[in-house]
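Input: structures, listed below.
Both complexes below contain chain A, partnered by chain B and then by chain C.
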Partner chain A sequence: MDVLLQILASGLTLGAVYAISTVGLALVFGAMNMLNMSHGALMALGGYMAWFMVTGFGLPPVAGMLAAVLVCAAVGVLIYLLIAKPMLQSEGFETRIFIATIGFGAMLESVILMAFGPQPKPQPLAVQGGFSLAGVHLPIQNLLILVLSMLLMAALALLLQKSRIGRAIRATAQNRDAARLMGVRIGVVYALVLGISGGLAAISGITVSSLSSLLPNMGGDPMLKAFIICVVAGLGRVPGSVIAALFIGLFEAVVQYTIGVRFSFALLLLLVIVVLIWKPQGVFGRQQGVRL
Partner chain B sequence: MGHRIHRRGMLKGSAWLAGAAAVLSGANAARAEASGEPVPIGQAAPLTDFAAADGVEFRNGLIMACDEINALGGILGRPLEPHFEDTKQMGDATNVQAVQRLIDRYGVHAVINGYNTGSGSAVQDAIADAGIIYMHNDTSSGHGVLIGSDPERYFGSFQTDPSETWYGSGLLKFLSSLTDGGTFAPANRKLAIILSAGTYSSNIANVVREGAAELGWEVSLYETVNVPISEWGPTLSKLRQDPPGVIVVTHYFPADLAQFMVQFMTNPTPSLIYMQYGPSVKSFRDIAGPAAAGVVFSTVIGALQDEIGLDFEARYKARFGDDAGHNSGVQSYNAAWIWAAAAALAGGSGAPGEEEQNRKVAERIRAMIHRGPNGTTRFMPGEQAAASYPGGTDDPSLGMPHQFLQIQDHTAEPVLIAPWPYAKAGFITPPWIRG
Partner chain C sequence: MTAMRRDLLLCGLFACVALFWPMISGMRYSITQTTFFFIWATVVVQWNLVFGIGGIFSLAQVAIFAIGAYVTAMLGYYLGTSMLLAMPAGAVVAVVASIILGIACLRLYGPYVALLTICVSQVLYVLIVNDTDCFTNPPAGCMPLMGGVRGFSRFGDLGFRDWLGAGFYVGNYYVGLLLLSAAILFSIMIIHSPMGLAFRALRDNPVYAAARGVDRFRYQLWIFGLSAFFTGLAGAFYAVNTGVVGPVVFSFQHLLFLLSMIIVGGIGTVWGPVIGAAVLMLADEAMRELGDFRDIGMGLILVACVVLMPRGLTGLFHDISTRLAKSSGTEGEKSCQR
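This part shows the complex of A and B:
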């Protein structure tokens, strides 16, 4: 029983971390057909900004987190204005923006390295301590991440489904030209989507670094997992990405315990291959239609 | 570089007069300051990506050595001029391209590196083709095998630290010394080995696994983890189901190891925890906090806590900051001094293509017994890798000490607990075992 609970706790923690990493990526692809490969660097920026605000400026943790979210959201908007917007109308936008954001991510990582140095740093936005449940020790930080993840997903779902902005985003995702003809300001929507994605990347960076540490390249691994989850769920499927993230977190924890830690990533990739053969659009994907 | 070091100040350090500084100073004779044509030397180091924390220290170590050597007249009056290339994730192809750029662009006489964990034999081939000298700290048993395969071709390649396999055999000897001497009574004779994928970590783990039974240990878990890893839950569950007397972690990323300790300490087993290299980096203690106290770790190359080592640490931190990693910086620092002293004694170093001169330098390096901040460097014949003490020799004056340290207070530097005669304190039972 205690082993099952431990696996469940580990799996849900991993899944929650993956979910926050993934939705930002899925949101941008769903709205813009854009794979933002600088998402990992944005995560690192968010983690470092929170650290800097708390340890450098002495801000309270919540204020530090909000400041990091705002900075990363602003960088997200800048990505739209400086990189995505100029090439939006060009042929092969998806390929061009894929490569351009790889470059931007590398630059951002280098800036972080120069600004904060290469030594790993502890994330101050982490809650120490835990409690025992049925013989299993559960860290409070892990539970906080799980709760935060659920709250964020619910807020994002509400934003997309119930708000005027959300309707504009969904309309743009379904048919950009039709949305423009209906009076939706496409540029504002895209900037907003990248801003929201940047803010989510900041929160993701803070949660990831609270379980490991701050390093300039810390976003690389979560970004890879987020990309895999997006593919499994179906690129651009926001609700599906959350379910896929939690499933993959549990899948990894079960494989790590029962077969061995070293097999978890290999089996995850095998799972992706099976999914893509079975459903090339991803588990929740459709050839056409509503994505967000 | 902008950091001025004077000859008089260098010569005042009595500890250094016993070592390479005295050799270099004597060879340089009347040359008070290096002022001739610069000698370009190079370093290919992981200045970005996951090993950048060490890569920056390798660069700092070489810069500091160059400044000190130049203050003593450089090499026969020619100042050293260091150049750097980034090896990022340290793949063999990236490493050899970086070294080739150093040779082609700057015409370096020597490449003086810390480690590049992904290196195979490609760099040694590029060095052999250029006929220059290569000093590195890859800590790889593959280096000795390569040199042994063709000593004539690889005359200029030296590994200035012992190979990784000494970690494994040294650990088993260390455990025996603890248990036989009654310093530590393990809960049982089970060993759990946790390693990361990759030759380096696997080689160490395999030596422990293969030698365990002979010394009365049973390997109860042999678990390979993917890196980076932050969620240790499933691995810890296995450890808690069958608690071993000793947990051996041969993975070496400081942040991952710190998370292991944080998560282990939520529900610890009565196991001695040994880790490899990672806890020597200060950020391990920063991240793990109080959970770091009690951890035992070892390194086959690090600054000793003696007169020379502490002097080096003080000068290094005065120059690069309190958080600077002198144990990483010492790798290239020590190697640069060995090469510079040998080159001065050989009558100068050679540029690419001047193989005959560099063969004379290599001869000097092979014949040298060098005492630096990390102890003795003496190259084993046929392998051109540093001998390890006490694993490879029982004479501390002939081998580089395989140092065992323990974090006894997470707010202070780790304490050197072995080997004799360098140890500064005894082993103490970790707090989670004391209860």
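This part shows the complex of A and C:
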């Protein structure tokens, strides 16, 4: 029983961490059909920025985190202006943006490596200590991540559902041309979406590094897992991807406990292949008709 | 002269020039680097069949290459198989693996295929690196089944060391040249065959092609299988040529390097990938002195090329030549083929 609760606790934490980065990816894909392969590098940038602000400038943790979010959001907007915007209307946009963001991610990662070095660094934005509840050991950090993730998801849901700009984002995701005809400024929406995604990547990078440590290539694995979650949920389905993230987190915790850590990624992949063959549009995806 | 004749002629010309390169250059470094060029060019020429001609955005080519390399190395290491036998065996295993991947990607399109294939190669990497259980215990220490982080070494070579002594690398050079020439020849034959036409039809308009009776299932398996043979063989030859196979062949940098070649050269053309491989090898050589800036330079080349020059260098040449033809008075017909 204790073991079950422990697995549940660590699985939910993992899921919460994944959810933050997955939602950023899903938002971007939903709005502009773009798979951002530099998301992992953005996560690393966020983690390092928080470290730099707190240990270098002596900012308080919350201010350091905000600064990291702002920097990553700015880089997200930069990706839109420099890379996505010139090729937005062209043929094969999905493929080309995928390749271009791979290149951009590699560049960003090398810059981080040059600036901060290859040694792992501890993330200062981590709270030590923990407490026991009903025989289950709960680190405070994990609880913080869970709460932070829930708050972020709620804020994002509010933004998307209730605000004017959220409506513009959803309209663009549903039908780009119709949204433009209704007077939605597509460019602003795209820049905003990439900015939000960059900010979420920063928070996700901080949480990931607070559980392990800072490394220039730390974003690679979480990014691939976030993509797996996106694919399982159906690319671009924002609420579905949160549920899928929590499920995958639990799945991974169970696999790690029962079979072993080194098979968890392989089994995740097996899961995604099964899902893709069974439902190519994802579990929460809509079946889309092809118009000729 | 048909396009196929022209391509075959160019291929012959290229092979003839390359035949004499070791005699002209004489420097060991340039010859071994050219051998690597042959290997990478072989991989991207075959990748071009899937990505450029078939229009399937698969990133599995690096994994298939690595499978060819690993199977060859493991056969040589564990069973002592002669490399002449192990190399084709590696290629055949690569073909089987590729066909299985082709089936897994069958119902996906575009970026989904890229995601699935990139995940497959990442999982193979993680499984190999994290494997710490000893399979055998040679004097050098514990040896996991797949070589672990260290990988395999001393699994045999093609026998050039005994035959040519210190000049063995020239032997490897000619094997590499043979490999690339065969790969280019193979790609020309496929591109200009009815099968190549079917691949392009499926790429340009899948629904119309299906309506005309082009079976997507069959052709997708064909293209995954066909493109894997020389990729696997290139991996096998890479193993023999370097003498070491480690998990680094799965790495992201490696993927980036090869992807840049195909993009810089021009997707979907016969010669684009070869040109791209040559340009990227030269650029890599030029940036060798720059140390850490090398990776940034590689990323920059890729991004700049995708944003500014989506059809690559061959597309650029094509545009310039048509513009020149126009300005010299003749109303050149507007060409928009890829």
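The rule is simple: the second predicted complex is superposed on the first by the 287 of 292 C-alpha atoms of A that agree within 3 Å, B and C clash if a C-alpha of one lies under 4 Å from a C-alpha of the other, contacts with A are read in each partner's own complex, and residues count from 1 in each chain.
Throughout what follows, contacts are C-beta pairs under 8 Å (C-beta built on N, C-alpha and C of every residue); 3 or more make two chains touch, one makes a residue touch a chain.
Here the structure is a predicted model, which means the values were calculated and not measured.
On the shared subunit chain A, the superposed partners chain B and chain C overlap sterically. After overlaying the two complexes on the shared chain, residue contacts for A:94 are found with chain C alone; chain B is out of touch. In the superposed model, A:211 makes contact with chain B only, not with chain C.
By the touch criterion defined above, A:122 lies against chain B but remains apart from chain C after alignment on the C-alpha atoms of chain A.
When the two complexes are overlaid on their common chain A, residue A:113 makes contact with chain B and with chain C alike. In the superposition on chain A, A:83 contacts chain C only, with no contact to chain B.
When the shared chain is aligned, chain C comes close enough to touch A:273, but chain B does not.
When the two structures are aligned on the shared chain, A:265 is found in touch with chain B and with chain C.
When the shared chain is aligned, chain B comes close enough to touch A:14, but chain C does not.
Shared-chain residue A:6: touches chain B; no touch with chain C.
After superposing the two complexes on chain A, the stretch of chain B that clashes with chain C is 114-122, out of 114-122, 312-320 or 420-428.
Chain A residues in contact with chain B (one complex) as well as with chain C (other complex) are 109-110, 113, 261-262, 265. Within the complex formed with chain C, the chain A residues making contact are 35, 82-83, 86-87, 90, 92, 94-96, 98-100, 102-107, 109-111, 113-114, 220, 224, 227-228, 231, 235, 261-263, 265-266, 269, 272-273, 276-277, 280, 290, 292.
Of all the residues in chain C, the ones that touch chain A in their complex are 57, 104, 107-108, 110-112, 114-116, 118-120, 122-123, 126-127, 130-131, 207, 252-253, 256, 259-260, 263, 292-293, 295-296, 298-303, 306-308, 310. Interface of chain B with chain A (complex): residues 48-50, 52-53, 55-56, 197, 223-226, 228-231, 233-238, 241, 254-256, 258-259, 263, 266-267, 281-283, 286-287, 289, 323, 325.
Residues 3, 6-7, 9-10, 13-14, 109-110, 113, 117-122, 130, 137, 139, 208, 211-213, 215-218, 221, 253, 256-257, 260-262, 264-265 of chain A are the ones touching chain B in the complex.
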